[in-house]
Amino acid sequence: MFLHDKHLQFEAKPVKPDPLMAKRVQELIGGQYGEMSVAMQYLFQGWGVRKGNEQYKDLLLDVGTEELGHIEMLATMVGRLLDGTSIEHQEAAMKDPATAAILSGMNPQHAIVAGMNARPADSVGNPWNGSYIISSGNLLADFRANLNAESQGRTQAIRIYEMTDDPGLKDMLAVLIARDSYHQNLWLQAIAELEEVEGKITPGSFDRKLEREDIAFSLYNHSASSEESAKGSWAKGKTPAGDGKFKYESKVLVEGAVPELENPHPSLHSTKPKK
Amino acid sequence: MFLHDKHLQFEAKPVKPDPLMAKRVQELIGGQYGEMSVAMQYLFQGWGVRKGNEQYKDLLLDVGTEELGHIEMLATMVGRLLDGTSIEHQEAAMKDPATAAILSGMNPQHAIVAGMNARPADSVGNPWNGSYIISSGNLLADFRANLNAESQGRTQAIRIYEMTDDPGLKDMLAVLIARDSYHQNLWLQAIAELEEVEGKITPGSFDRKLEREDIAFSLYNHSASSEESAKGSWAKGKTPAGDGKFKYESKVLVEGAVPELENPHPSLHSTKPKK
Amino acid sequence: MFLHDKHLQFEAKPVKPDPLMAKRVQELIGGQYGEMSVAMQYLFQGWGVRKGNEQYKDLLLDVGTEELGHIEMLATMVGRLLDGTSIEHQEAAMKDPATAAILSGMNPQHAIVAGMNARPADSVGNPWNGSYIISSGNLLADFRANLNAESQGRTQAIRIYEMTDDPGLKDMLAVLIARDSYHQNLWLQAIAELEEVEGKITPGSFDRKLEREDIAFSLYNHSASSEESAKGSWAKGKTPAGDGKFKYESKVLVEGAVPELENPHPSLHSTKPKK
Amino acid sequence: MFLHDKHLQFEAKPVKPDPLMAKRVQELIGGQYGEMSVAMQYLFQGWGVRKGNEQYKDLLLDVGTEELGHIEMLATMVGRLLDGTSIEHQEAAMKDPATAAILSGMNPQHAIVAGMNARPADSVGNPWNGSYIISSGNLLADFRANLNAESQGRTQAIRIYEMTDDPGLKDMLAVLIARDSYHQNLWLQAIAELEEVEGKITPGSFDRKLEREDIAFSLYNHSASSEESAKGSWAKGKTPAGDGKFKYESKVLVEGAVPELENPHPSLHSTKPKK
Amino acid sequence: MFLHDKHLQFEAKPVKPDPLMAKRVQELIGGQYGEMSVAMQYLFQGWGVRKGNEQYKDLLLDVGTEELGHIEMLATMVGRLLDGTSIEHQEAAMKDPATAAILSGMNPQHAIVAGMNARPADSVGNPWNGSYIISSGNLLADFRANLNAESQGRTQAIRIYEMTDDPGLKDMLAVLIARDSYHQNLWLQAIAELEEVEGKITPGSFDRKLEREDIAFSLYNHSASSEESAKGSWAKGKTPAGDGKFKYESKVLVEGAVPELENPHPSLHSTKPKK
Amino acid sequence: MFLHDKHLQFEAKPVKPDPLMAKRVQELIGGQYGEMSVAMQYLFQGWGVRKGNEQYKDLLLDVGTEELGHIEMLATMVGRLLDGTSIEHQEAAMKDPATAAILSGMNPQHAIVAGMNARPADSVGNPWNGSYIISSGNLLADFRANLNAESQGRTQAIRIYEMTDDPGLKDMLAVLIARDSYHQNLWLQAIAELEEVEGKITPGSFDRKLEREDIAFSLYNHSASSEESAKGSWAKGKTPAGDGKFKYESKVLVEGAVPELENPHPSLHSTKPKK
């Protein structure tokens, strides 16, 4: 169960309103890698952790709960960035080019749907979607998803940081960026811990002999005009997982035949064979 | 530009039809981490690689092109798993309990919409979606997305492998699992290469002094009833990025005030203040 | 079955074109609470009304059919707001700041996809979605959904009314707002009628002794720092449903244990217990 | 900001596993009116409450925070309902008709994607979506949305209650149903409070003279073959809002002309006029 | 504006309930090519028809209005196919294999969400979506969309016809299939009419000299292993549009260079060039 | 399987950057009728072609593979249109009205999410969706879908061509438009071939006597106020399929009764009958 504290964990006060920045900040709330995504991803992962892995469960629930507070900070920020925006007399307002640019560029749903509040959506208005997140029950796989999310999220927060000169917005982003730094370190550490037990190829519990090991180390050149990728460190030498040696194949191995599929039952009324 | 070869790279022949397995295999085609996702993710990333990083570009386009062939193998497999399934006289067929279970469980769109062919959708019928993928222009962040995708994808392929006794389906999955193993090694290697240049906290080009470094190393306990997470290796000691030392804080730092938002312009007809 | 009359029920003629207003008006066509939503919601509810409730069926089909005509009026309005918008020579046009603001802010799909006509989408371009609507078979629940829809819809129409000075657009919105007023009254009345029979807690046919009545009247304070909600009329006194007395609990009742979930079968290759 | 307590607020222990019930219970987690919806809806509404309405803000955040705990209880329940489900040797298992029915009917993503854990999705697998929720800044409108959500949610929980004989699952549903009862009372009370100030037609701050009052009280018969709806209490007598008298019109008022739209600029290459 | 008649245009009475068939019939209501799609597509197209093309406008609105009645017939059919389905005591019911197969296969939302009524969704539960439809303002393009929709729709209705032995359901499908036949003829005719005026390459108003006419007649063989497509009638001879002669090119024409993209501004923190 | 060639098939070089045009060009990449749609549609159709129709299979795979290269050209174009766009110091930049209009109108995800690269999304930001495409197993139906796609796609490409003065962008669009011309001819030809075998009403393998032939030739006037559609060539004379004669019916045939649905089982807690 959860409790709430009315205080924001960190301040969320822009120096002045900016409806265009409000639109952009939505990416950090309801985007693919926004705070709704990391909050829900960590919580669903945490709720799925099984007996014997209480440390990971607690960790996921701690960080997921922190991220809920980040949604709150960002929603408050968006509300304030929209402060004082009037929707009246737009026709008159459009005569001033600076105002016109803002009015034409702002997210119309901020005014019409949300009354100048944040939306559970990204910077172009796509609603947040449960398919953004993953909780697989395999923690190594999932921590890699988390590291990915914090890497993308930090990149996006930094890009928005670069877009604004507002010291209040910059202060809040400096907090989020720092937490993303920590969370990258955190998942790197948790990943290292699990890799030590399971190995680097996840899931580690699958018998490697059951897979086609003969094709498990080769980069197949799929390019008719380039072998640049052959120069990479992934094309020769020991693999990071230590399970073999990288190979580079200039030509793709082809084992399969040209597929022929049987015609379906006439009750499907698909196209009959011509020949 | 692309070329096609009518041969499947590897064989895709089940020993016998199985419409329920056809439904499950859809997850590997059009699911969040299916082959449509990795193909499109690698290609979009590759198309976005800029001058001077031709090795990464070639690599991404090689692997993305390979994944296109995996969609093809899986689509062929689904077509064959649906072979011979008749939709006629279901009422009569439903009297046999074994047939009844298959008919009631199969994906109705396989018959009605696709004429016993694969769908660009996952195992419960959600159509594939562009929001499954990422291409950020930051390759370290993106390679972590790729490592995540191959980790989730291999886990899913293995779970489906465990579900079937069909040697033909198992053979094809053994190929896909092996390629997922290779691709995990591949992205691990490419990540290591980039981390050496940029450091482990991505993007590495952002001046760390601009973020709130004082809060960039702490795990805040957000639990009122548990400190299990304090025991993890992420709670003390040097960080994997080597940029500082982990700290554990039993109590959440609270800097912010209780937020008060100004009332919006009356033209929005939001609720007026009571007090 | 339905019939169509070529006349618009009410006029839909703006005094002059305005592509930005066309974008905003889309919210009333294909938004979460737009006319596509109320039309489809009332029709699906009406089609689901069962024997003995013909009055409600007729009412729902009457109003749903009216709303189909509202989509038509709005689609006509959008077509006219886009009238005369030329897409040629945008580079030259962009040199005039007022035109530039309009061109950059207009919905590109109005031109590219729809040839200057309305789209089945909202003001940011999300296509209308069947998940916006509800038809549950429980009319009291559904009439509350309808009252909600008309309340949100009227709020949105009024906000757009405030945005424009165009007397033609204002005239049409004055019609829609008036109909939303009527429909609020309508559903309020129909709700009151049903509440008299079933009681205010819906569905009224469920034996209240089967639910946990001991916890059915309490507001649990979930805030670590505030008891503002204790001052509300919902925290003490008789309930509106007349089924008991409101209580306020400063501390959340906690009955449950810390959950421990069994580890899944090894064939799932989830993370094994550490301890 | 939020805090977490490892205890479940209420117990979530089924007596025995049931993968089909796990699929159905998903509706209460990630469905249109599931706990993800009410949690996010109340929190977004609460974050948007402005100065002077602290009571409503606290109330929304209290209840939103409670609902986060309900997601947790349900996710735990789903994990346990899936306990012990093995995915191995399905071919053999399918020979037993009872097992076959369960295997063919269970949600394949529970096994393949989530490793026998809950998904952020509904009972047919649609991922949860931000467009399920509303936060408009107008609290009367939004509380009506909340009353609707609790009415639909309670109906759904009761239907699932009727589907199961498992006393553990029934116990947890009895808790959720009781809380839905309370929340219906709560929003009814809060609505009554606001209606007293603003009137029943929301938003109450819009000048009624600006709308077409002459058409704000009439039910237009849109049926060519039925006048059942004329018999309802919404067709005559005083309105619930007390702003006028209901009227019934056997024939639809038609004010508008047959619309003619100008042909768009030739650069759009739309169809030219035939005449 | 629209009017409604309480009579169904055609009967919709199955001889007996069948929840699995109810699930499948949903494809014809809310699927990509279901009646919601054709109704909305024809209406949006009709509302967008401009001055001088009143015949096409009337035609589109006539047929769109007819399709609204088809949704109604199908919704009624689904309600009746679900008749008498009880959700009580499923545990007991699951002991009978035939019942078990039905219960495990039926759409859980039919019971939980819709109270045994139709849903605005397809046969796997995806909600209907505005992106299924098109209205471009170019009638020749759009009539081809309509011909496509009726071709797919008729195929799907026929497949469902083959699945059932219920004479009542077959009767209703025989109506829908006949109307789809008519509508195919209808759009074929309207297409022929427009092609006569505009030519077969749409839009016909674009100056063909502005496109790359030298590459407008060639089929490029993109296969490394097959030239089957060279044998088709599309590879040589006069084109159907009469604008030239088909050519077959064994090798793909390659004009472009290997693309090199400039590195973005450092404020984006994308990966820097390695070289 | 697929191979890649690093060369673009055709050049994709704008003369100068233009972030607004980059936003619009997205429609051709990830829109309903963008290149992702045609590529995936043709490939899924090709993979589903059955034994005896190798010509069609090869054709579909040839053209689908070509379209993959078109995505690549467009993605490269978008990357270049975004070249040099700086996101720094927007506040200062917004003081220049021309820049302000561009910044407010550009797609924020181009900068924040994609680092100035293309997105798998349309011009308003909706991610590409598997439900845009069809592969039914009936080739005549599917080729009509393809003809539709090329007709819509060419219309959209031409509209964007009209919007730009950039000779580089125009050159690339001139290529795409020419290929769309060819593909229209191609599908027209393939359709003609199949229609000769199967007839024009698809699927041709369904016994026409099973449908309601008495209602298979009539246009029902659904308008209370217009008979414009009676004047069309679809209202009398021989049908294009040659299967009968068109009829026009001023009044809709009504065969059905007013539907009455049985009340569902009490366990559903739907509204009880009033009467």
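By letter and in written order, the chains are A, B, C, D, E and F; residue numbering begins at 1 in each of them.
The rule is simple: a contact is a pair of C-beta atoms (placed from the backbone, for glycine too) under 8 Å apart; a residue touches a chain by one contact, two chains touch by 3 or more.
Small disclaimer: the values here were computed from a predicted structure and weren't measured.
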item	value
Type of chain B:chain D copy interface by residue overlap (half), same or different	different
Most distant chain from chain C, judged by the mean position of its C-alpha atoms	B
Relative to chain D, chain with the most remote C-alpha centre	F
Approximate Å spacing (C-alpha centroids) for the pair chain A, chain B	10
Interchain centroid distance [CA atoms averaged], chain B/chain F, Å	27
Residue numbers of chain F (touch at least two other chains)	1-9, 32, 48, 54-56, 58, 61-62, 65-66, 76, 79, 87-88, 97, 100-101, 104-105, 111, 113, 115-116, 121, 124-127, 129, 131, 134, 136-138, 140, 155-156, 158-159, 162, 203, 206, 222-226, 252, 254, 256, 258, 261-262, 264, 267-270
Chain E partner contacts - residues on chain D that touch it in the complex	18, 20, 23-24, 27, 31-32, 97-98, 100-102, 104-106, 122-126, 155-156, 159-160, 162-166, 222-226, 252, 254, 256, 260-264, 266, 268-275
Residues of chain D that touch chain B when the two form their complex	1-7, 48-56, 87-92, 94-95, 97, 100-101, 103-105, 107-109, 111-113, 115, 121, 124-127, 136-140, 194, 197-198, 203, 205-206
Residue ranges of chain B touching chain F (in the complex, touch as defined)	1-9, 30, 36, 40, 43-44, 47-48, 58, 61-62, 64-66, 68-69, 71-72, 75-76, 79, 113-121, 127-131, 133-138
Chain B residues touching chain A - in the complex, by the definition given at the top	3, 5-12, 32-33, 54-59, 61-63, 65-66, 73, 76, 79-80, 82-88, 111, 115-116, 126, 129, 131-132, 134, 136, 138, 140-141, 144-145, 147-148, 151-152, 154-156, 158, 161, 174-175, 177-179, 181-182, 184-186, 188-190, 192-193, 200-203, 206, 208, 210-224, 226-229, 231-234, 239-241, 243, 246, 252-259, 261-262, 264-265, 267-270
Residues on chain D engaged by chain F in the complex (per definition of touch)	155, 158-159, 162, 225-226, 258, 267-269
